[in-house]
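See structure below.
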């Protein structure tokens, strides 16, 4: 590990930060703080992307970093903020499972992800290969967050955070996907959030609430 | 098929027609003796038949042609059976027309016709009789066939003449299977011929009658034919029994006139003994309730199957 | 001299003609006259042609052809060999009579337009014919299911009645499940070569275990169509629901296609037969036969009664097949050939007398609008044609000499009896007991048919409206007469028939029934000294005696007849209601075989205003098998339904857990 | 080249135009015209590929081989017939006040865009673009599903969006892993995501990575295919959207998602010597068939019923592709074709039936054959076809699949037997009284569009009896490609 170049060490640091932020989101009960954490995650992601670009000389990653910065640090949090203000959502975010249990499950997931990623990481040619496990852990933690949240907006934030994890995997483990793909992904994410924004209004119009308990009518079980 | 063979065939048929009422008379007489009554004359059945032929037929107004056709068909079927059962000789030309199985089929044909005719008038008693008759029939028929199968296993043939040939020429051996089959056959014969303990030929008590219930609407010549056919049926069953279990004295071949002539007294003697035995059984037993009949015939069926299994297992 | 067209061409031409007639029916959807006076008779003519062509083909070497249809690597193969030709004769002959009957039967009041019925009917015929000539698995299955579909639509002609819909559904469901089993059977039979032609299957040598799987899949699949226990439940529902010509066609012909299929698989496609297959088929067949006939005795609906009787006959046929397999497995080809002859013969006979009886019930139904035995009676006076022709069918199905039903049962019994001690004593005893069961079934069949005929046609009318019943029209009479004539001829000249179907024996068991069987006068498959039967002599003797007696009686005595009321046993009030009802007639059988039934009974109490006794015997197999299956399926569905609770978190958890589990598994 | 551009360009342009002009009476016709144009272009493209063989154009960005060109043609065709159906259907909906002009504008624009995304997913050579296109397809259909803005449709759309969004995110992770594995061999340039390139080096790809990647890809795209237990969005989305959307969802989108799975499977098969991918697909397929069959029996809503039937059939196809081999793949492809044609035909009939009776609940739909023979028979025949009754094409493929299974995977056949039996009982017992029985119905203000139904069913019927040689060759080549 000692031979790792400085930029790689930075990336590992940022990776650790990302993981931490994921846990924080898992534990966070308040919507606005959740958005802040999401923005912070975006920032860490953008920074790591930029460092990878700098360290490896993959110049298209600068574009990615910029895109991430704009989209995930400014645009999406802004949209979410606006939505929350317009929708006048309550502050607390109830989880289905209590926080300590969630955290415990989260730890187990991280261990699992690391274990899973370890053999793969050995094969990588990139210096930042160890981050793959962290990316995978981030994805899984976001998944867990989506499962445990009862309200619509945190669920969407979980979804976006999962996207972050994926993006991190793409940049750090492989030095980025081809540009056209990244643009497409970014566009999809953006459009998705816009559509969801529209949805929030419609759901609230219909149900007077963003609580997902209202969305449990279509089912098979009695 | 020679002319002589045909002639002996007709002799046998004529003898059957002639002897059948006599057998009935004989049984009645024996029954009377055994129950300490004064016996009717032996020829009473002949006189009854003649008397009936003389009378005007009274037919129910809503009878269909089937009703009037039935006595003839039944009589025809019984004659056909009488021609086939080897009572005098074995190698008769018509014997080929039906083996034991086909013989049972012939009896069934007669039964079905008479049951249909009984239903034709549409009275409660007619249908009741038809139902009971078919009921007894479906229980008795399998048992009868099982008996025949047992015999046919011994001879390797279902053709009655061949069975007689084989059994008559065997060395004197004990066949436990045949003994069992004999008992079963006796039980079946009792049921099939409307005898006590299953039915009572002498009764017209509505609640118990089977055979007579079907004949309530018949009169005159129709009744005569049916009575005659019933007598023939008894005769046929007796001859089958004799052929299976006491096949001695039946002429081998169809043109040995001496043997045939000798066979006649043997047959009469055997029938007389058989008729007496029948009378003994009838006098000694009581009429069963109709729903005991399945048990009775079930026992017969079981005995027949046992006979067959014994035959298969022991080879004897 | 031009070569005659080969048999495949002729059969295909007949099939195309039927399809064309069907298409014309669609074109003339509501033109009843055209459909009934032109199309159905044309269909009958095609049937006759088919029967003739196929009859010629029985003795001819197999003909094959390949059609430009089907799957890319598996075009439709067709083949006419002795077996298919024999069943084609059956189809053509019975089909022709039924078509002719239909010409007079269908009226505009049926729920489906006549043109559509015509279409479905002829597609049904064509599909059955195609089943019989198909020579690869795909063509067979297509035809097989097309047959099921066409008959389903025919069954549901009166689809507004819920019971009929239910019957149709049950029928199609069981047919479909059976078809899947047949499909899997073919999957086994092709043995890994990937070639689904029957030719390839014949060439495959399967290990015994796989062959057994194939055989039992076939027994299940074809048994479902044939009505083998416990897959018979659709039969008594579907047959009464269908219009009578369709019931006749289904019972008389369609059930035989299942027999055909079973024979084809068991003897032609499989190269070996194991004795225990035969033992199982034999037992199953006999249980089916007994069960069918016992239930027939308890029925109060005339078409249901006949349907149960079909179950009985199928049971007898399957028992015969089992016996043939047993003999074949023990390498006794002559006995196998006799058993097989009995099977084939009985199939043909059943096609004739069951079609006859179903058609007769159709005429009764049209004349009286009544299917319940409890409201019929005395129709011999009103409908003499139908009644007398039905009498022939009744006697035939009751297995009485000298008609045809007796011949096949006689042959089968012969095959049972001449078991020259099979190597296993267990099998030996099984065969003997089976013979007893067969006889019991046959005797019960006579009981049932007396009940059927007596209650419907004899006695006094149980309802006043029956006095207005009219006899059948001329088309219907002609068809009934043709079938009755068939019953008589098949009964009187068995030797000819057996001689004609001998090539089938050669094909399937590799042995002929021999010279003795082929004599027109005398039937003696094992030689005259062992057993013999001559329907001609029996018939001649009986007829001669009847005629002579009549002559003598009328000549020497007087023939005077007086008509009077029936004797009332001293009880002045005699109403038609006092006759035995169908329930009453079945009572002894119900009593003896009580454990077989599930009976719902209502006994009126002395205080009832309108005392009414009723009882409903129901099929115990519903309770033993089908309801548990339905309940299990419902339970499973409810259980599976629980996974879909409508909560998105739960759904996400499923995805997540799936993902984790798979990742864990991969690692 | 020009054909590909046309195939992709026409729907895209149509979408933009329909979005721009807003709803006019002519919009439905424009929709039809655009779909027809797409179909014609797809037909020309197909002809080109059939004569000239596979093509790889635009800097290897687009790739057409027998496998996808057949799906392109199918997609364009069903897209066209659905647009035919949607015109009277949506007119009636509008007259009944269920949608307004703005919604119709959205509907038409999204319909074309949805077609575009599916065609893009099929034609692209880039696994990343494939993902992007599928995600875009999700987004467009989410809007279509929620078109009525009823509580139920919103709920359905929300579940659809979240479940498929999350699912497809897993697919992205899988794609990244794929890229990660390929990049070593192909370099970080664009080549490492091109399917053709990957295919060329698949045997050298790292098995460990690929097996994990396949799990993610299968779970991801499998969600869109509707494999149990990832299927939960599917019945809701099918039942609550407008019927034309249900038709294309069932008939097309599921196929495209399955296409993606199969493309991935080909790579994984090449890299991993074990039967890992096969077993996984067979397992999922079988589970889907069985579970869907049981769920079918609990349905009350006719569109949900057929949605579950789609799950069942996708399970069958997945199982077939899982088995692999020339025959099973052939059968799988055939099954995709006939399922898509039949299921969309059924949805067309169901759509008009529900409009006629004013309810989606099956208890309320009765006697269609009496009141409206065309719809009733359409529904009846379609149902029989989808249940695998010969002589329809569905039976042809099921025949091949079942017989192959009996030979290669005998353990699976009891499950298939039970599932097919239960499914048959469930579906037919429900459809029969809808088609038959005492009628309940009102008149439709417009003539129903039944031509598409019967065209589809006629093709399905033909495929059961005779597969044209060119189509058969095509399937064979595609089956070979899938391996």
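By letter and in written order, the chains are A, B, C and D; residue numbering begins at 1 in each of them.
Note that a contact is a pair of C-beta atoms (placed from the backbone, for glycine too) under 8 Å apart; a residue touches a chain by one contact, two chains touch by 3 or more.
All values derive from a computational prediction rather than experimental measurement.
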Checklist outcome for this item: Ranking B-C and C-D by C-beta pairs in contact puts on top B-C
Checklist entry - For subunit A, which other chain has the most distant CA centre? => result B
Checklist entry - What whole-number Å value describes the gap between the mean CA coordinates of subunit B and subunit C? => result 35
Item to check | Separation of mean Cα positions, subunit D and subunit B [Å, integer] | outcome: 77
Next on the checklist: Centroid from C-alpha atoms only, then distance subunit A to subunit B, rounded to Å. What do you get?
Outcome noted: 99
Item to check | Distance between the centres, which are taken as Cα means, of subunit D and subunit C, whole angstrom | outcome: 43
Item to check | Sequence positions of subunit A contacting 2 or more other chains | outcome: 116, 143, 146, 155, 215-218, 220
Item to check | Sequence positions of subunit B contacting 2 or more other chains | outcome: none
Checklist entry - Residues of subunit D that touch two or more other chains: which are they? => result 158-159, 162, 166, 170, 212, 295, 298
Item to check | Listing of all chain pairs that touch each other, if any do | outcome: A-C, A-D, B-C, C-D
Checklist outcome for this item: Per the touch rule above, subunit D residues touching subunit C in the complex are 158-159, 162-163, 166-167, 170, 211-212, 215-216, 218-219, 223, 229-230, 232-233, 276, 280, 291, 294-295, 297-298, 327, 367, 369-370, 384, 387, 389-391, 395-396, 399-400, 402-407, 413, 416-417, 420-422, 424-425, 428-429, 432-433, 436-438, 464-467, 469, 472, 475-476
Checklist entry - In their shared complex, at which residues does subunit C touch subunit A? => result 638, 640-649, 652-653, 655-656, 659-660, 663-664, 667
Checklist entry - Which residues of subunit C touch subunit D in the complex? => result 68-72, 137-138, 141-146, 148-149, 156, 159-160, 162, 165, 168-169, 172-173, 176-177, 180-181, 183-184, 186-188, 190-192, 194, 196, 633-634, 636-641, 643-644, 648, 651-652, 654-655, 658-659, 662-663, 666-667
Checklist outcome for this item: As the complex stands, subunit C meets subunit B at residues 377-378, 380-381, 387, 391, 395, 398-401, 406, 410, 413-414, 417-418, 421, 425, 428-429, 432-433, 435-436, 439-440, 442-444, 446-447, 449-451, 453-455, 458-460, 522, 524, 528-534, 537-538, 541-546, 549-550, 553, 557-558, 560-569, 574, 576, 578-580, 584-585, 587-589, 591-592
Checklist entry - Which part of subunit A faces subunit D closely enough to touch in the complex? => result 58, 116, 119-120, 123-125, 132, 136, 139, 143, 146, 152, 155, 159, 162-163, 166, 169-170, 173-178, 180-181, 184-185, 187-188, 191-192, 195-196, 199, 202-203, 206-207, 214-218, 220
